[in-house]
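One chain, chain A, appears in both complexes that follow, with chain B as partner in the first and chain C in the second.
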Partner chain A sequence: MLNSRFFKKFAPFMIGAFVLYTALLIVPILLSFAYSFTNWDGYSRNADFVGLKNYMKIFRSAPMLAALKNSFIFCFFNVLVITPLAVALSLVFNANFKARNFVRSAFFFTSVPSVLIIGYIFQLFFGPTENGVLNALLGKIGVDPIRWLSAGILPMVSVIAANVWRLTGWHACIYLARLQGISEEYYEAAKIDGASRWNVFRYITLPLLAPAVTISTMLIIIDGLKIYALPYSFTGGGPGYKTTFMTQLIIKTGIGEKKVGRSSAMAVVFFVIIMVVSLIQLYFSRKREDEIC
Partner chain B sequence: MKKKVLALLTMAAVAAGATGAVQAAEELEDCKLTFLSWYPEEKYQPILDAFAKEYPGIEIEFQYAAPVADYLEKMQVLTSTGEVPDIFYIAAENKTEMIENGYCADISGTEAVSKLVDANKSTYEADGKYYGFAPTTWVGGYFYNKDIFSELNLEAPATWEEFVNVCKVLQENDTRPIIERGEWFWDSFLGPFMNDYLAGDMDYHKEVLEGSKTFADGWGPYIQKWYEDLIVPGYVGEDLVSVSSQEFFSEFATGHAGLLAGHAGHLLEVQKLEPEFEIGFFPMPGTEADVKVVYGAVDCAVAISSSTEHQKEAEAFLNFIARDDMVQLYQDMNGYVIGMEGIESDVDPILEDVARRYSNGEIGVYIPQGNWDAYGTGLQQQLIASSQELLLGDIDCDTFIQNMQDKLAELKDE
Partner chain C sequence: MLKKGRWKGIVLQALLIAVTLVFLSPVIYMVLNSLKPYSQMLRSPWALPEGLFLDNYRKAFHQMQFWTSLGNSVVITVASVFLIVVLGVMAAYPLSRFKNKLTGFLSVYFLVGYMVPTQVLIVQIFSVMKIFHLINTKTGLVLVYSASVSFAIFMYQGFIRALPIDMEESALIDGANPWQLFWQVVFPLIKPATATIIIFQTMWIWNDFTLSSLFLSSRDQLTLLLELNLCIGEFNLDWSVMLSIMCIVMLPMVIFYLLMQKQIIAGMTNGAVKG
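Here is the complex of A and B:
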């Protein structure tokens, strides 16, 4: 229960936050939900109620199914690659060596620039012509140009690689914060017991990192499901729909095709999916934390 | 004596004109006009400075959103929140919604609109009224590397057959025949379609939208021809699906590609990279040598909000841009062809011939999405996705055409 003195003291902050949160998040979510039952085009002053028509259409839409699949593949591989790399990198960050601060800054820097800019940089890096940086470098060692952004699964691999590059350093910092909170006593006790380096990592570091793993994987999943700017500037969602993700498709449908009602239905479905995935992930992570600890 | 009289007359005319302008400025109220531009402020600055000098009481609050997606998004947000700027741009992608929903004022009676040539006027017409002032048109085709052509004894092709042969020779000599961006390479099918089919039925897309014709009727044979003549032999290479704007310019400017599909704006970008060769131009050819339609479109148009409280002042701004000297500044901004009566276009000499032919009404311009009304962006997105899938061999020509038809049905809520 709220203490009345406490409430009086902090009420302006709480009310301010509540108003902002409601205006910027709750209201748009409710509006999207309302629009999803209309045929609003984003320009008209009126919209007709169309019932569940938008919902029925989106589940028959091939681009929607492709985008949904792509979003999940993207998330899955981001978690799979970023998590071990970030944990390993955090151990390096935590070690004692001269250039430690520089290395921490260098890896953290990749998460600082605008994601849009990163997309454009990677577009030049993976460019298919002789002016593409990676192909130019490969050419110097006699390797023929590779169609990074068009051949088979390479477009998706390239987008995942760009996102891994962008986020690994940042997630390593999350693990580092947790590592620095682990008491030295555990390690000293393990040393006295003669535990190997691997066993120290396996039975002390990793279990105690579990809460950070929960937070990190949840952030990767949410970030991955919401990804927009990176594929927008990097691949434009192509070729075809190979790197089109849900957020892109929602915006394309609403802004480009002027089907705000339909794109709102997509957003509502996607919102529910993200919520369910996050809750499942949270449940299993907490369960795993309890088991490990 | 004659010279003195002429000088006096000229001075009198200038003074009369200046007085008229001052009077006009005095008749207007001091106000602030909000302006959402399609072009960035640094490009617009010369026009804004000249306007501020002539109309010191009218302040232009300039806003910019990058075309096309960001601009459309911003405009959509502004319309839905009732914050439509006093002056803004409309383009092929949103003109139907903006006009039909009453956001644009009828500017039929303005001096600016009266100066436009028919094509530029009619692009933004609805029910006999004009809603946009589009003073320029972009015309495009292929820019080519004259040095490579000269080395290989090639000449600018006048027919599709010659064009395919040029591509063949370029490829045999280790030069990429055509460079285009991943979202635009489909434009290489337009030459035969525009000149062999569309020139005889300029209402084709209108008929497709109405349902009396299909994509298969008009586009079908030409997509097939494009696939067989350019895609199968690899003249339009699979890697084009991921070519960015930067690579598009640099690949041509560094001499790695023989042909670049584009317009005056692209030529300016290539010239910035200082290519060490001479550049030539030819329109996209059809089966016969007689070019009737070229790749191009009337540019986006300046419109006035129907809800502005400063209609007269906004019209003054529009008429100011339409002045002969200002429209030249406007053209410097984009390098396109001026579509106004009695004003010659100061285009790059490389494009002089095609610009003259357009100004004289000898050729028409065509870009698919400019003819798709409210479905423009949706069909364009489908065109990009399906052309990429076709180039990568994921679908065939029939599926490509069917996808376009299905998308139209979906957009029409059929």
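Here is the complex of A and C:
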């Protein structure tokens, strides 16, 4: 630490970030708490205080419950599918072979285009008629066209598939970074002891990857809670509310339907969820640090 | 793993490349069909284009306001990333070099923005921006992006703490100008952090649709992505033309990725992945 007598000279350095951050992040957070107790429509000069009415309403509204459930399912299955795929892929990335750089770049590439574009392309892939790319391929082996974006749970499955496609390469790189930090000595020792390849993976690689699992899982969850452009361009949130997620509902309620009060109450619920997730993350990373020490 | 048995290695690699190509098929599909007439795209989507067919691109450039929207995207991204770097590094320095009540409080204060995504605050940010008449202006959007400065602050804090403090201390005791000391001595030493922040913020801001779509509306303000969304929503175009618009919109980021690939992977080990 520098001598505190110099602090006065450096304190002004923080003003810019503080002002901008306060005006466009902290004030809006406080506003969403304030609005959530009113029936403001976003335009009129007056708004009435309605107490907890917005909160009571949203927990009984079908769209909100659907969006909550969808966001939860979406995050859960993304973690469940991406994690093993990304771990396996990172082992491939880490192996020594000629086409390695090509394979790495190709799998990472899917996180380069905007999710908006990815949504539009997957809309073509999952098109419901026999002209949909997947249906056309399935048609060649005699399968009737599948209504990917409307039948049963298929719309949700499709959105999850698109997101898995987008994120697996990125998360494999997170694991790769971790793998490259594992000391060779562990593997040499295991070799001397005559451990099988599976046992090396199970008892050396996997435990050492654990911190990366926490980071990757949290990133998938936070990203999943925020998802907006993907369902926007892919399914439009439909059919009905089948693929409507929290962010989309908050924006739709607040801007489309002009129910700022209700939308703010939803945002507050969203903050609480994010806080809980972050605290769980903190708990796990602390606990692991204790175990290591 | 693949060293054992040459043939086994070759077969495995061929298999891996096949899997990779299947994985990339949506992108391949997009590029391939942007180069075909729509009728051929319907008939044989996976065939190579018959000769050089650039009509879709001609139509795409005709529909899009390409140069305007490209300019907007560049201006918005560069200005936002610049502000994030400058404001972030300046705030991070006192936070990591002084320990008192104020810095303790501010460290936690900036943590909030790390967790709460701007996307869910759009309605409320709108209210604030209306006061300052910033709706539907590039300046407004730039300020909204730059407000998410938390990630940069934390990244810089980690890097500054790792620097030895002696040189700064003796320079200050000798009466050095804090401003010059900071920009000429400290800032150059944390270049890797700056590189990582620039890369990841650029990718995020350039690709953002959620915020830009709600804060920009008039045609001359639109970014490339918004222009794409407008073309797909408003004009009745063939899918093959739309695919070529998507390719055009995607190209700058692809170039950026190809140029920055090494730094991106390096950045992921720097802890950038937390962003």
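Here is the rule we go by: the second predicted complex is superposed on the first by the 255 of 293 C-alpha atoms of A that agree within 3 Å, B and C clash if a C-alpha of one lies under 4 Å from a C-alpha of the other, contacts with A are read in each partner's own complex, and residues count from 1 in each chain.
The rule we apply is simple: contacts are C-beta pairs under 8 Å (C-beta built on N, C-alpha and C of every residue); 3 or more make two chains touch, one makes a residue touch a chain.
Treat the numbers as computed from the prediction; the structure is a model and nothing was measured.
Asker: Let me test your reading of the model: by the given contact rule, A:T129 touches which partner, first (chain B), second (chain C), both or neither?
Answerer: A:T129 sits against chain B, while chain C stays out of touch.
Asker: If we overlay the two complexes on their shared chain A, which of chain B and chain C does A:P231 touch? Say first, second, both or neither.
Answerer: The answer is neither, since A:P231 touches no partner chain.
Asker: Based on the superposed arrangement, let me know which partner A:F13 touches: chain B (first), chain C (second), both, or neither?
Answerer: In the superposed model, A:F13 contacts chain C only, not chain B.
Asker: Between chain B and chain C, which one contacts more residues of chain A in the superposed model?
Answerer: Partner touching more chain A residues in the overlay: C.
Asker: Applying the document's definition of touch, where does A:I255 land relative to chain B and chain C: first, second, both, or neither?
Answerer: So A:I255 meets both chain B and chain C here.
Asker: Would you check which partner chain A:V115 touches, where first means chain B only, second means chain C only, and both and neither mean what they say?
Answerer: In the superposition, A:V115 touches chain C alone.
Asker: Quick check on the superposed pair: does A:G42 touch chain B, chain C, both, or neither? Answer first, second, both or neither.
Answerer: A:G42 contacts both chain B and chain C.
Asker: Please report the chain A residues shared by its interface with chain B and its interface with chain C.
Answerer: Chain A residues touching both partners: 42, 120, 124, 131, 251, 255.
Asker: Spell out the residues on chain B that touch chain A in their complex, using ranges where they run on.
Answerer: Contact set of chain B toward chain A: 69, 72-73, 76, 79-80, 94, 97-98, 101, 103, 176, 179, 182-183, 238-244, 246-247, 250-251, 254, 256, 374, 377-378, 380-381, 384-386, 388-389, 391-392, 394, 410-411, 413.
Asker: Enumerate the contact residues on chain A facing chain B in the complex.
Answerer: 39, 41-45, 57, 61, 63, 120, 123-124, 126-132, 145, 147-151, 155, 235-241, 251-252, 255-259
Asker: Contact residues on chain C for chain A in the complex?
Answerer: Those residues of chain C that touch chain A are 1-3, 9, 12-13, 16-17, 20, 23-24, 26-27, 29-30, 42, 45, 83, 86-88, 90-91, 93-95, 97-100, 102, 106, 109-110, 112-113, 115-129, 143-144, 146-150, 153, 165, 168-169, 172, 178, 182, 203, 206-210, 214, 225, 228-229, 232, 239, 242, 246, 249-250, 253-254, 257, 261, 264-265, 268-269, 273-274.
Asker: Could you please specify the touching residues of chain A with respect to chain C in the complex?
Answerer: It is residues 1-4, 6-7, 9-11, 13-14, 16-18, 20-21, 23-29, 31-32, 35, 42, 92, 95-99, 102-110, 112-118, 120-122, 124-125, 131, 133, 136, 165, 173-174, 176-177, 180-181, 215-216, 219, 222, 225-226, 228-229, 232-233, 246-247, 250-251, 254-255, 260, 263-264, 267, 270-271, 274-275, 278 of chain A that touch chain C.
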